[in-house]
């Protein structure tokens, strides 16, 4: 069995998605990449989280999409993960969920505006929403094209995927990512709470203004900027 | 004691309804059919889930409604279950709950529109809502007539009960079903989350459009169509 | 120590209020009456549920309000309980909570309309809301007068407290009751879920009509009427 | 290691914040003061609650802001806590959270009106919301200035911080405080439930009036006034 550590991390990350309530009814999957070997490891399709073990994880080639290790069929969303690894070279982990409030936003086809420092601490700007795929794209390769419309949201400098580590697929659900699969799961969880806060904020005040930029920028910078002073030195 | 396996499955399914929070205060019941023998097994009326055991389950004749095995009185909703087994010949299990958001939709007398792929993955179209029973129907046989107005929603090709495995009874609560009692409980749970997602989506955007059909059709087909590729082969 | 069984029931009922999430931060109390002896037993004031034991329960005379047994000061809401035992002769238990959605309704000073069978199964009509106490009543005896305005809602045949076993005190929170303290706690829990369902129903459709009376009447009767057929015979 | 008892209390209080769901993803921190020694003890920055131990707690001088004991970097919000200890001489504990509904109110920049006795029992008036910091204040010392705009809300007799033990920082999140760190955590929890109740009350009735003052005043007084009769004597 190849890549035992990566398999273990990816297995634990998928179980964490379910344990945190982000992936009810097995609606979710997480993957982690080994960039040196040009592969990523992902959950097999339709296997319940309770019985998932590292040996079930499937290893897929980023360039060709071929299964390079593993006896089972990979998640049906595998082509979306692969497309994201191709489009975002610094991403080392991807998490897809149907977490409740992030999915609600996706169903309304609205990006999530930055309404407070909780959002600003994790996302440097709104969480974007994709367009819908058209009928031809769905017919061609639904899951691969889904990755394509996600990448569109970050193209031409629209946003840096490492500073806005998540997206809403219109009518579908969120994807989140990060430097590794643990970070991808963490961002999926923060995205859910961010979506829930923005949802209730708009219910209480439908015309609320975004957080002033001199505050949102400060919050992102104190955690992630070159002079970040959150956490312990070297931690 | 007849049908020990079916009793055990039905007992476990009723306990699962409660454990998943779908049937607070014993407001719910699940049944499973043995089509060869023309019977179904159902929860006894008013017995708390904590003390429910397979021997308490009551076996009822689908054609006559007579109790054929079991010492207790069956659920007061038994005639509704029976009517569904009569109307829907491929159904092997039925679950009735008062799960929160599905009941809220039932109380508003609105069918649940398909607003996203979470819905489309499980229901091929809106989840219909019945009309109200009139006073004469209530007086005649309330529970049997309830099954009748459910069947009406699927009559004349309005929907296929195996592709839309649930319904809302106006002013009352949901029923769900499936090939067996486990599937009925699973669909009851998915119906609740679907109802909750649609509820919050409409709160955020009261005029949201349904998911485009080229996407909803794709999602149902990749899980349930002749060329389904979700899950493991033969799984 | 007098009335050891009643003390034990009342102690367990108070703990159940907290365990079911109906009384966060010790905001709640339950009492049970011994009508033959003309007393009721109630939680002491400000004692956390985790350390509450039967010996802490305080026994109070229904007619005089005097403590007849117990070393601690009774709940500050004791005069309200006492007034309800005086006004409603068939009531054997009272529960006061600050459960979330029932309190929200109380804060809006709206009675809860009967919007579905979940409500109709437990309450034969809307759950009424009191008027506000005026300044003179507050100054005179706040807790006793609170019981007085509750009783007002059921006076002159407005409603039968045994068929509508709960109320909302305007700007404050709910009280529920029943034949004994266990029933009072059960009704407090059902009132909370009923309030939550009605809340979400009105959010989805602010102009929803009440459940037709030929259906609500049927539901209350099949559980509580002279020909009730819910549950087991003699159960 | 200095101040072992205070460290233990502060450690336990931080863990309680997380256990009560008030500080998801380590978004929160609590501190406790030793007024005689002129110091306060606070959580280290970015350390997960699961591994937090009394020895990790950092002790800071109230006057100078210098770390006087502890090997780790204190919470990035330390200057805000310090400013509150300077401004409010009777405060012995401070808790900062991103609890959901209190943060939602902060994001709408609205103070929480007193809509019921649950609020009045803990806060003698609305929970105020600060103004936004301007760009110069953010650049100067963001966290210290945050304490400054909190103190502004209580200046010139606007409110007594010991009678209104919490605040919302506009666009950010709540702070709560009390006579010691345990009280600060308790008030943070009550603020969250108060915020959640007011949120749902306004959703059900956007034009609801505040609780009449003859009732809110009575409730605060019966718990906190000179003739308080809630709880046990001397308790």
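Letters A, B, C and D mark the chains as written, and numbering starts fresh at 1 in each.
Throughout what follows, a residue touches a chain if its C-beta (ideal position, glycine included) is under 8 Å from a C-beta of that chain, and two chains touch if they have at least 3 such contacts.
Just so we're clear, the structure is a prediction, and the values are computed from it rather than from any experiment.
Looking at chain C and chain D, no chain is in contact with each of them. In whole angstrom, the spacing between the mean C-alpha positions of chain B and chain D is 47.
Chain A and chain B have centres, each the mean of its CA atoms, that are 33 Å apart. Residues of chain B in contact with at least two other chains: 203.
Shown here, the protein chains touch around one cycle, each chain meeting exactly two partners.
Of all the residues in chain A, the ones that touch chain B in their complex are 24-25, 27, 44-47, 72-73, 76, 98, 100-101, 103-110, 132-135, 138-139, 142, 171-173, 199, 202-203. Per the touch definition, chain A reaches chain D in the complex via residues 115-118, 121, 186, 189-190, 193, 196-198, 200-201, 203-205, 208, 211-212, 214-215, 218, 222, 229-233, 235.
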